[in-house]
Amino acid sequence: MSDTQVDAARHQDRPLLEVKDVTKTFHVAKSPSGNNRLRALDGISLTLGRGETLGLVGESGCGKSTLARTLMMLERPDAGTVLFDGTDPFEMHGKELLAWRRRVQMVFQDPFASLNARMTAGEIISEPWRAHRDMYRSSKDREARVHELLHLVGMRPSDARKSPQEFSGGQRQRIGIARALALDPDVIILDEPVSALDLSVQAQVLNLLNELQDRLGVSYIFISHDLSVVRFVADRVAVMYLGRIIETGTAEQVFDSPRHPYAAALTSASPRLDRSSGGREKIILRGEIPSPLDPPSGCRFRTRCWQAQDICAEKVPPTDQAPGSPLHLSECHFPLDTIRVRSGELTPTS
Amino acid sequence: MLVYLRQRIISSLLPLVVVVVGVFALARLTGNPASLYLPLNATEQMRADFMAREGLDQPLLVQMADYFGGVLRLDFGESLRTGEPAAAMALRAFPATLQLAATTMVIAIVAAVLVGCWAALKPNGVADRISSFVSMAAASIPDFWLAIVGIWIFAITLGWLPTSGVSGPEAWILPIATLMLRPFGVLVQIVRGAMVSALSEPYIKLARSKGASDARVVTHHALRNAAAPALTVAGDLAVGLVNGAVVVETIFGWPGIGKLMIDSILQRDFAVLQAAVLITAIAIFILNILIDIGYALLDARVRPTVKA
Amino acid sequence: MIFSTLAVGGTLVLSSCSVANSEQVEGDAGAASDTIRVVLSQEPPTLEACEANLTSTGVVVRSNVTQPLVERNPTTGDIEPLLATEWEATSDTEWTFKLRDDVTFHDGTPFDAEAAAFTIDRAVNSDLGCNVEGYVFGDDDLVVEAVDETTLKVTTASPDPILPLRLSFVEIVPTSTSSEEKVREPIGTGPYAIEQWDAGQRITLAAYEGFWGDAPAYPKAEYQWRSEGTVRAAMITSGEADIAMGIGPDDGIGELGVSYPNNETIALRLTGEIAPLDDARVREAINYAVDKETIVSSLYGGTDKVAAQLIPEGVVGHNPDLEPWPFDLDRAKELVAEAKADGVPVDTKITLVTRSAQFPKVTELSQVLQEQLSQAGLNVELKTVETSQHLQYQLRPFVTNEGPIALLVQHGNQAGDAAFTVEQYMTSTGAQSTFGTPEFDAMIEEAGLTEGEDRQSAYEEVFAYQNENVVQFAMIAHQTGIIGKAAGVDYEPNSSSGDELRLSEMTPAN
Amino acid sequence: MATPLLQPEGHQHSEIDRSGTAATHTPDARPLEAPPVQDLGDKKLSLFRLLLRDKFATLAALVLMFVGLVAVFGPMLVGDLATRQDLLAANKPPFSLDDGWGYVLGSDSLGRSMLGRLVVATRTTISVALPAVGIALVIGSLWGVWAGYHRGLRETISMRIADVIMSFPSLLLAVVVLYVFNPSLGNIVLILAITRIPIYLRTARAESAELQSRTFVDAARTFGSKPTAIIGRHVIPIVLPTLLTLATLEFCYVMLAESSLSFLGIGIQSPDVSWGLMVSQGRQYLQTAWWLSILPGLAIVVTTIAANILAAWLRIATDPAQRWRLSLPRKRGGRRFGTALKGATK
């Protein structure tokens, strides 16, 4: 972390990462209604501060992974901007782009699929340097750095010679984290990093991530469908539904006083690490998630919302600030602070 | 799927044209057919007459334009050799090849699946070793040699089967046996390999430990996994057969498209060659599309995503 | 009589049977007695009568479906009456034919002079491009006139002593035949009519009840075709066919093979104007170097005959006194050395061009020839080509820029007269001749105008002169064909069987 | 009907997630029961040692080595034995020493030594089959991997070109090349190579298209690795074993195709001689001199089987994920040969 430029950037005020109105559409086989455009991301905006962990939650298929892939430039957005330190990586080329790559890294969901089984752990961890030839030029330096990284993620230097098959899932994910750290990034995008692991191992890896953040000062975007995990690591949380972020705020705000009915349902369903706030009744949502090919008009959640009214079908709800907390935003015609969150009342009556 | 089909058909049209144009041009590179069709002592005048009559005195591009003009009117020209319409000759020969190829592939696939599964149940067992050797040997015997040995043994020595020809079901046995050896040999290897992989997957082990019978494990679980690679290979093998089993057709007097093609090439019977190539090319494109569909049905992973 | 060998047995009665179902399965024991099953080496491209001089067409059509006015006796070489009973040259250029009056075509229409005139006109004078036109007639048209029902007059542009022989290739068709285009299934006057042609599979003929001559022994005939000699042989041994054409000596026919002289002669044709083959000593050396005796005895089982000239015995003009070149390797080496001493570039690569599958064991023969010529000290390279390419070497204009070429040719004189050979192969401008001399050309032209005994001796001299003074060829052998014949059939093949397989000469053996 | 909000499985599989990570991975499989492998520092040495553990693979390797040696040195040893004709000693049966060791396998229809001809034919056969397979393998594989990696138009066009080649009558190509040019070894190699390119092209494309959506390839992209580097590091090493196995099957196919060309009269031309040509020319003599076609046929079969066994073995030995299988005690050794081939062949 001796890069002075990075240090300098870190002390400025503006957020490290700023995403504005990003939209991504896929063309797929036609649906029954004749639509072949799948809007995976629909006007996503979010920010990420230095040293911060942003939790991104939502059900499968809501666009979380697409967002992650877009942030990693694995997908190109159709509209909107991604600003990293004030510059748009999608405008970059050549060396500039390569330098940006160094600052943003990713840890993937499946520790079995994300490591090439034909390489040793050492080769995997040092692979990023093959693209960044100016780092650790000599093989000796590389070896030393690999050992250092392995140590950092809690593994032994001798593990460098083993191939992924010889490790457990947790160990593999550690290797994945070490690989992400190899380029000394400012931001690591963690796409469901622990969902493939046993519960006991999950905790170890989460602790490791927290520890690394403390030590290295990296920012995380932590994607998960597991609310309890997000709550454990995230400073701020964004909730996605059908390609849109429908609520953001600090972890406390979103978890303890959700304003969007969907966020409320989501948080109510999560087994909580911390039971002190007293048991809330689980909200059971009716119906399936609508197909992203044919999203509902107006508010996307209305088909499953128990308080949907006519206006929800007609107008897209505006962004709404929670009273007294300007950074707690939600998109709902009838945010939940207008009604009482009480057991029983929220349960759909049908 | 329909979108995919339409796109695939449209994108296959151009290659079809390329094939026919290529055949058209290449065939004419192989020299002038005049001396093949005229008596040895034909005069220059007779040669010139022949060329003019067949339109061969025109520049290549003019000939090609004429040809494609005819094709658009479904007129594929006439055979130099027999004077019959070329399309009729090709259409007459093609079913014979198709029937032979289809029967061969069905039998080869069924036999290969049975033998392959049997071999895979006990890797490196006696059955496995035997089937490995037999199938590899089967795949590496020259077909014309085997055909002649087959005739020698089964038609002459034993008198069980007719030597050749297309009369009666028993006349199919030798050609099919000869043709299926290579597909069978290759497919046994594929099926066996894929089955061994599939059978060592944890979920299969689980099924086995739950007491599922071998047959059930194979048919319900492993075979489905093994089907995708087998389909790919079987498809390519079938393409080879549809393109004409020249050697087998030649030996057994099977009036198929492969024999027609080689005769047309050697006789410089351009119109027939073009018609034959066109019809097989269309068949191969259809077959390829069917393979893609089958593959997509089997394995969602490779279902083609159509991008605008 | 014409068909002296024809024996009419009790099977005649069977011919009154109605047309049996054509899907008769081969090998059916019942079929053997009334159907003669023939397996050919290829499917006839067409059965058009005016293309009948093509071997693959003629073998089915000639003398079976259609008949000419006169025919050549393949054994004696004499021209014998068929649809014409007698003929004479009424002037230098005019011939008059008397025709039979008891003949009908398969469609029932009577055969008369008009039909004969129509046929000749159609085959020789039309724009159909008939193969027979180029094969037996020159550029000049014939004037034909039907004087009355049974009298036909044919006038040639210049004197032609062998016009009847030429006309023996013209198969007579009725006037209802199209003269605009060729006809795939002709109507004729022969003992058999075409019953059905299952393209790609078989052709069946049925005996014509109104045939003017003796009814054939087999009421039906069936032709199939297989390109592999071993398979044709196997069909005989397994009882699936009665007659198989074009069997090779190693095709495994065994006892059932009947060999016959097929009028084919093989030889090396040398490009005599390209060094080193422009030196007569080198050409002679090649003749000495080829061990014809061993080739014949070892490769061809002793049935072929060592050749001294391009035509075999039985063809008008054959010189019985001509001796084959002896095998004398030392003499060959000596000649090459002499030529070399005189500055002839004997090291130049000579290309030995052969055509694949032209006749049995052609590959083996070409390798033997290459080896033997190399022994004599020549530099010989083998080149095997397919038919179409081979024709570029065989016919004018020849392939150029390939240096000296020794072409392995197979020449068959179907017509039975040396004129058909020498004009093609020996004159300096002959379509298949690489060089000649003016004296030789004059000699050949003179011979062409002679008749009878004179013609015989004139051509005998031509062949002797070729061997002594020109040496364009290194003769190898007169070939023998093998026909596979099932034990149940009596048939004696002759030199024309390969081109004209007379079904009516076949009878069930008892 | 109510459904649980959160799907219980810890596996995200959305329609738009095109990563296609192998669904066969159970989310939390324990490491395969792979016993620790000995230190594989010196790969070559250990490969050799692994080879010796497998009788069949060793035998196959020996056979291939023998064929290779014969191809390289054999023609020198037999001298003119292969070309010396003796029409009077034609078709002598094999396994008799009456005419010396040179004629131990009998003589052919021109009285040439079968042994000598087999040896000379080995060189021709190998020098047709190896380059033909090699050229098709290299061109087809690289092209296919490239097309599959980039997908889109490049993939579509490549696949249509493959369609064109596959539906083009290879015999016409053969006749054209042999007619317009000469029936030389080089041209035969060229024809066989061109017509076999689509096989590798299709296989490599399919595998590569699948691999390019794998997570570890995405990971490599996030480092900023260039496509060529990713193809070289992640795609080719994984596709290669399949392609090599395919190539050994193709090796056999090419030998057979060459013999079929000979059967049709447009293959290797005398006086050159290959196994395929010997089988083709010897077929006439099946009933009178069986050895003329059986012996070269055996050579083809034995070489093919050996190549296949070795390829199957090599496929495992070069795959770190499977290599441990080879070091197991004998009776448990699972896939000794004939492993999964995803490759396509014809």
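Each chain gets a letter, A, B, C and D, in the order it is written, and its residues are counted from 1.
Following the convention adopted for this analysis, a contact is a pair of C-beta atoms (placed from the backbone, for glycine too) under 8 Å apart; a residue touches a chain by one contact, two chains touch by 3 or more.
No experiment lies behind these values; they were computed from the predicted model shown.
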> Farthest chain from chain B, comparing Cα centres?
Replying inline: A
> Given the two chain pairs A-D and B-C, which is bridged by the higher number of C-beta pairs in contact?
Replying inline: A-D
> For chain A and chain D, what's the span in angstrom between their mean Cα positions?
Replying inline: 46
>> Centroid of chain A to centroid of chain B, CA atoms only: how many Å?
In response: 52
> chain A to chain C: how many Å between their CA centres?
Replying inline: 89
>> Centroid from C-alpha atoms only, then distance chain B to chain C, rounded to Å. What do you get?
In response: 38
> What are the residue numbers in chain B that touch two or more other chains?
Replying inline: 30-31, 148, 152, 250, 266, 305, 307
> Which residue numbers or ranges of chain C touch two or more of the other chains?
Replying inline: 230, 252, 386, 388-389
> Which residue numbers or ranges of chain D touch two or more of the other chains?
Replying inline: 29, 175, 179, 283, 286-287
> Which chain B residues qualify as touching chain D in the complex?
Replying inline: 11-12, 14-15, 18-19, 22-23, 26-27, 29-31, 119, 123-124, 128, 132-133, 136-137, 139-145, 148-149, 152, 182, 186, 189-190, 192-194, 196-197, 200-203, 228-229, 232-233, 235-237, 239-240, 243-244, 246-247, 250, 261-262, 265-266, 273, 276-277, 280-281, 284-285, 288, 301-302, 305, 307
>> Which residues of chain C touch chain B once you look at their complex with the stated criterion?
In response: 23, 25-27, 45-46, 48, 53, 127, 129, 131, 134-135, 139, 181-182, 184, 199-201, 224-228, 230-231, 234-235, 237-240, 252, 386-389, 391-392, 394-395, 423-424, 431-432
> In the complex of these two chains, what residues of chain D are touching chain A?
Replying inline: 1-7, 10-17, 19, 21-22, 25, 27-32, 34, 36, 39, 214-216, 218-226, 229, 233-234, 237-238, 319-321
> In their complex, what parts of chain D are in touch with chain C?
Replying inline: 83, 85, 87-88, 90, 109-110, 175, 179, 183, 265-266, 269-271, 281, 283-288
> In their shared complex, at which residues does chain A touch chain D?
Replying inline: 26, 28, 38, 40, 59-66, 69, 72-74, 97-98, 101-102, 104-106, 108-110, 112-118, 127-128, 130-132, 161, 163, 165-169, 176, 179, 183, 192, 195-198, 225-226, 265-266, 269-270, 283-288, 292
